[in-house]
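Dropping the structure in here first, questions after.
Chain naming follows the written order as A, B, C and D, and within any one chain the residues start at number 1.
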């Protein structure tokens, strides 16, 4: 079990350390298990999509939801892998990709910290589907999402 | 008609000049009419979502589609406005927002320049719906999208 | 409060009694409150979309999700109405319509009774968004959905 | 090539003859090639979802779009198959299923005959994506759709 935790932590670090765009988002993984993933993104003025209202660009919100959904699918792939060797996992994860993503924008994207979480509603060998949500630090729902991902 | 063109150009400049995130995207408006809008985004290493494959982060693609769809709806609002005075237009546009966005990722986001276009499939007084697509400079389809926008 | 319950029951009966297609579905409203709506549809051989596997046609699943989502929005409209007079409610409900609907098919549509529920994630004056799910009598998740509805 | 046409016609007849729900829809296949599929559904009072306005239930529209999208993917599977033997094709088609479907309702579903068409925007070995549209006999756009399908 400790091996699994280490493997999940290693995958989380790929998301946060090796992706320039996630670096721009300043994305931090809070939790990553087979049941649920959670990430955090602090407000940045660079995310502003409406200068007058000072709210998040819709694309930033969609990006955060896509990240946490993809991380959820990655957690599922790692957890179900018969081997936790790095090369095996990297090979499996190299095929992971978003097929389609629906984003529902519910409230203006205001806040100091945005917390997004995901859980799987379909976990297949070819395709996985995740449902995501994003709140701000006050617990206000900013957005929901549904993503379909290609697996393995 | 010249007034309309000027008004549309003024709105285009709001998208490109006053939104920090669109500045990050380095977004350029190619055309903006009541029939179709088109934008261009040059490749940047900051957009990378997969360091191994050097392809666009899905969130960047979703962002570009949301931008061109929103611009299309803005063009419709301006074209249908009974007045082209700046204060009137700004007031109408201040209510424009994305309700939901579907992004279909078709091919890995590789290329030197990404061109995205949108056309309206529903133009109502309360809600508008746009269909979008994004190609690279070789004409390869990278992504499609459908966005529902709140109007007025 | 009794008046509200009666008004909701009256609206529920419009859904079940005055819509030929809902009659085909043999749709029954289980609960309809401002928080959550739930409907039930018994299996019928007429719903079969795959003769070999004897499973629900995807269109039937989408139909059931659209119904329960629309009912949820109707419940919200009734609950928030300043008047519960029939003419006022009918007028408000006459503008209710689905703008877009996403259906996620998770498992083959097998079962004796399908139970679908909805809750609102956005309740605006112009647009409402509902999230829906459908299970069979064994509690297996058959489908999820998200619907955007035009209101008032 | 004649063999391919015959194989496609055989698959079309599975859609129209062996699916009770498609029988309810009274669905007729107009054309089915690797490039585009087109189906026709005549108005029926049984489709009414709004007794007051006498318009199609949204679920019927979603059903028609799902059908023509699925038919498009089936046409692609048949066209790309190395063998056109019935047993081989049936085996390949038995795995075809809708993963998710987005329906955009544009205008009230009024008309005497509804014509729906689909084309592929992604044709993979595991997943295919189709874009669909539906018009009435006057050429009015009633609805658009996007469907993601599991293949093979």
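We take it that contacts are C-beta pairs under 8 Å (C-beta built on N, C-alpha and C of every residue); 3 or more make two chains touch, one makes a residue touch a chain.
Source: prediction; values computed, not measured.
**Q** Out of C-D, B-C or A-C, find the interface that copies A-B, where copy means more than half of the contact pairs are identical.
**A** Comparing residue numbers across C-D, B-C or A-C, the repeat of A-B turns out to be C-D.
**Q** Comparing the two chain pairs, does A-D have more C-beta contacts than B-D, or is it the other way round?
**A** B-D
**Q** With centres defined as the mean C-alpha position, give me the subunit A-subunit D separation in Å.
**A** 33
**Q** Could you say which residues in subunit A touch two or more other chains, in rising order?
**A** 99-100, 102, 104, 129, 146, 148
**Q** Please output the residues of subunit B touching subunit D within their complex, sorted ascending.
**A** Interface residues on the subunit B side: 102, 104, 106, 121-122, 129, 131, 141, 144, 146, 148.
**Q** For subunit A, which residues count as touching subunit D in their complex?
**A** So the residues of subunit A in touch with subunit D come to 99-100, 102, 126-127, 129, 146, 148, 150.
**Q** Spell out the residues on subunit B that touch subunit A in their complex, using ranges where they run on.
**A** 18-22, 24-25, 45-53, 57-60, 62-64, 66-67, 70, 94, 97-105, 108
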